[in-house]
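The following pair of complexes shares a single chain, chain A, combined with chain B in the former and chain C in the latter.
For the complex of A and B:
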């Protein structure tokens, strides 16, 4: 025992461990320096934006900062009846300051998100407040518009007091926090997002299924054909992969439109009549067809790389041992391809769930996905915090799927090549 | 049980892959029940193709194969009931040893308790009891090979095919597996068709050996006959070591002929030569030529020692004899043979019976 515990020295008398650390330190620094640019790149382009997105989606400081005095005076207000005079006074001074800085428009936009109807009364208040007299602001403000005398609007202002909010996430799920602080569904005819989420999942799921059904035989052929044919087939699989996404989507538009080639063909063989051409674009069909074609290589390649490693003698062994070709396939070949199936399906599903350009171009109204909605809020409504919230919901959805997959199949079973 | 002499019968089988070249030409081969027959030949000689046709993975281009009297060309592989051991074992990597062995029994719908008995028996036959729960990846090459053998036997097939099953093993393991397979064959009496390009493997294990070359069976006979009495120069060259003299028959009589070489004449045993003037290759095994021969031998010539290689139990001596500088002699290392020195002239003799005058190459 004692001899094992004794410190081992190098020939120069330095303890072995110290010497080892010293010898490896240089290598460690070198290794770190090699990955440092990539690490920096990832932090700048990935970790930082996602963190920023997360912050943005819950950030609600804007109103809080615009109405500092109001919120301070509101601390003691219980929200049951109209707030006392101090609140009105504080609001008036905050508002005057905003007018000086010309920021009252922003306030009206923000408050309007919380409750409809703020826009016009803030405009009116701005006009009328120029002639306000000192004192008794409650009366004067309430006289501007009858909504200013409605406690609901003051409650709406108070709801914006916290610096952070999860309202955007609720909105993404077609829910909101009502006046009493309860989380409820929005009216039936205004539930847009839930439909989009479900449609996104549905389209991603079916695109994955279609890709799998089409890719499996292709990958099998690729893996078993003699070299000269399999090379040609491989090029056929990869060629669309090398073509721009936009070009491929545009060509699907040419093919699928009502006066397009596919419809012409159907009319020619008499499948449909000329005045009754099938609508295959600007609906779900368009999204299914184009996305399946575009994502197909992502299924073929992992499957192919796994099938390539399966020795043909295994199938032969299965048959020679008495298994019918189907049993030999099902019991021997298929189980060995599961790592490839897992990799391909996960890849295609995750890509499909966040697909944007193709559904935007060929999906029409009934074929758009949640990512199109995110883009809409980024570009058109400029409600970036809502777009960020939905983006994060999408991201966490993908992570959940990844986690589920890991639980069910095991991520180490994945084989990409 | 009277064993049949034509349990497996190849009847005028031709095989071509591309319609231009025949890989197997007019193959006629009868395999008796319970026999261990080896198809031996260089790569590309058609031996594996024959095995694949028998297993059902290739179809004969012409001719028919019979198994126990029934034509099998139209029977798919899984209905032939032939066990097979593949070159790289072809164990199912996602199944345990037990499941691998259970596969042929399950597809035959054999009840579980009966199947378990058979699996136990098969595993004990290859001395792998206790390995049933292992995955193939956890076994060594030799163990995997044994599992493959056990799997090919577990469903009691009447015929087992083995396609170079020992090719991937190292030399020592290969030798011990050769004996093991031979003993299994002897104990259960199954018919085995074995393919290899390793002649020592073939000589050790087989009842009969079919030497393949160029899509044809060159000779089909027992190992000793194959070695001692090759019928043509390919077999003589392919099996074991061989000294050759190329010449022309100058005289022929009953059981003996004279062959004229470039500058000498030797006596030989006419095997495939019929008359005077025929070109021939005379084949002589190294161990059949002796140094310092007794006068009774009918061929005695002098040669000069060109090279001496020490091999432990024997010494290989290369001699320039009758214009052949590659004449090899194997001399036992005994004290009476100490005068083997480089450059010495020695007398070498052999019986004309052992010098087989075969076809010219």
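For the complex of A and C:
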């Protein structure tokens, strides 16, 4: 007999296999349709905008579009000596058009990012160019300011020709592309961003370590105490967890100030003299203390949920087999808590690395993180493409940890409250 | 945690050291919150305990900062509170609707690409807020929604849905799907089954997800800093400005109110969690 004869048919006469597949497909579509609204919403309002950030961070069309003729005439210029008359002429006409549209200010800001000193000479050119005569633009422009006769500045303009650039990313790592197209470090005293990246990593790392050291004993206590006591103590963990971040930061500002309670206490026990109170706020100490307390619940909760599942009889078995309590703990209990440790540490590290509010309020100049720099460029310097570039550099780091977290813990295992 | 009688002395000592460490950590966690409470009743303008307060002199305490919070002419707390509540309520409704429906789909075993989609949906919770803030700001500026309530509500829905998705999928993981099949076999249509059978069973999870979404929105400051205009100021924005410029006791009065609010939310969330565990048959 062939296998087809054995095929089971449904009452409609359709093979069961086909019918099942159809039903399966229908269920798949049903499930997907339920998720679709949120997925679409998140993609439109969140995933695309992050893509937009990426575009902004590499987008350099602005200058390219402002000086179309100049860049066309520059194509044949080798960049060794001053460009020929036709480049100056093209630049003059591009510039006149910008003045008409009142966009020359933007050009000067943009070019100034590439090379300092453009701002003043563009202003001067704007004034003088009104009285320019036709022809021989090279000499006329060069006469406006000696920098216009400096080939370095023309090279700087040429460097802005491509529509896309990775300059902002280099800047985020304190590097730049020099005149010869080589990537070099900026002068040592101007390497601000590298310090910030390192400090962000350092603070996030130590906050994670402190959180772990503090969370482990209390998570253990919470998991081993009888329910009626542990529920009460759990409130000590959950109340800060549910309280506004700003409220908690405010309380640290009160505690850590020079006339604050912590300093009062130090004076009382004679650790420091009254006129020699410790500065604990507006520096790294402030960031460390406040961030550790604020992120502590995020370490306690995953540890607690893992420890809760460990049977106390395991420790007893370890001890009865001749281990001291310490050996039993180290060889039996501790290895079982590693999943919780991984989850808690990754979560705290991810949250700490992107912290903004608390460092901005209690961190001062020496305790601020990379997020503060991003906010600074968004709000103060308005260099949005640089802010985007740094944001994406931070994001790529976070995504690596997120991926790791997903591998080790699984995102659907995140426990809340 | 009484130790058995036969415990050796040095383990006994270790045990007490361990308990002391735990007590210190609990103190570190909870004590800062209690500093705010007495200081908000300070009669003076300074943020330190005055001598009168240390002597518990009734004259050293007053309600003037609470009066200032409510009636103060220059104080924008009224507007901020109104905005905060409006934004948080609409953001919660949006997050709960979108998140619950998505969680239903995600917990179906037929869902394709479950891991990937889940990762995308949860990402607003993981990505640093400053990056979310910048990205959402670019979007809202393009859509013409910057400095509007709508824009902020949409942004907070993005930030709030991961919590709803997580809590509701967790509740659904212990859900017995045969009850919905039973309802269907008795002739109920899917909508009716959801409203009468599924929803009442997963309601604790939905509400606690909603509480998370509410708190996220109510407490959120980074994204709002980018999006808000003067008209959309919220309580966190006002606190942020206040803390940056000058720490005034009025802020402590507001902070005390917020602590009371978070205590209420905590109690509700805890009761719901226990109810949910009971319903799912997890008895401890």
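FYI, the second predicted complex is superposed on the first by the 380 of 417 C-alpha atoms of A that agree within 3 Å, B and C clash if a C-alpha of one lies under 4 Å from a C-alpha of the other, contacts with A are read in each partner's own complex, and residues count from 1 in each chain.
Note that in this section a contact is a pair of C-beta atoms (placed from the backbone, for glycine too) under 8 Å apart; a residue touches a chain by one contact, two chains touch by 3 or more.
Note that the coordinates shown come from a computational prediction; the quantities given were computed from them, not determined experimentally.
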**Prompt:** A:316 contacts which: chain B (first), chain C (second), both, neither?
**Reply:** first
**Asked** Looking at the overlay, does A:254 come into contact with chain B only (first), chain C only (second), both, or neither?
**Response** second
**Message:** Looking at A:32 after the superposition, I want to know if it touches chain B, chain C, both of them or none. Which is it: first, second, both, neither?
**Reply:** second
**Message:** On the A-aligned overlay, A:43 touches which partner chain: chain B = first, chain C = second, or both, or neither?
**Reply:** second
**Item:** Partner chain(s) touched by A:217 [first = chain B, second = chain C, both, neither]
**Value:** second
**Asked** Is A:336 touching the first partner chain B, the second partner chain C, both, or neither of them?
**Response** first
**Message:** If you tally the residues of chain A touched by each partner, is the higher count for chain B or for chain C?
**Reply:** C
**Asked** What is the contact status of A:325 with respect to chain B (first) and chain C (second): first, second, both, or neither?
**Response** both
**Message:** Does any part of chain A touch chain B in one structure and chain C in the other, and if so which residues?
**Reply:** 325
**Message:** Which stretch or stretches of chain A touch chain C in the complex?
**Reply:** 24, 27-28, 30-39, 41-43, 45-50, 52-53, 56, 214-215, 217-218, 221, 224-225, 227, 233, 235-240, 242-255, 257, 259-261, 293, 296-297, 325, 350, 353-357, 360-361, 371, 374-375, 378, 384, 387-388, 391-392, 394-395, 398, 402, 405-406, 411-412, 414-417
**Complete:** So, in the complex, the side of chain A touching chain B is made of residues 311, 313-314, 316-325, 327-328, 331-332, 335-336
**Request:** Going by the contact rule at the top, pick out the chain B residues touching chain A in the complex.
**Result:** 55-57, 76-84, 86-88, 90-94, 103-104, 107-108, 151-152, 155, 161
**Sites on chain C touched by chain A in the complex** = 1, 11, 14, 18-19, 21-22, 25-26, 28-30, 32-33, 35-36, 39, 46-49, 98-99, 101-102, 104-106, 108, 110-112, 115, 117-124, 126-132, 134-139, 142, 154-155, 157-158, 161, 163, 165-167, 169-170, 208, 212, 215, 218-219, 221-222, 225-226, 236, 239-240, 243-244, 247, 251-252, 255, 258-259, 262-263, 265-266, 269-270, 273, 284
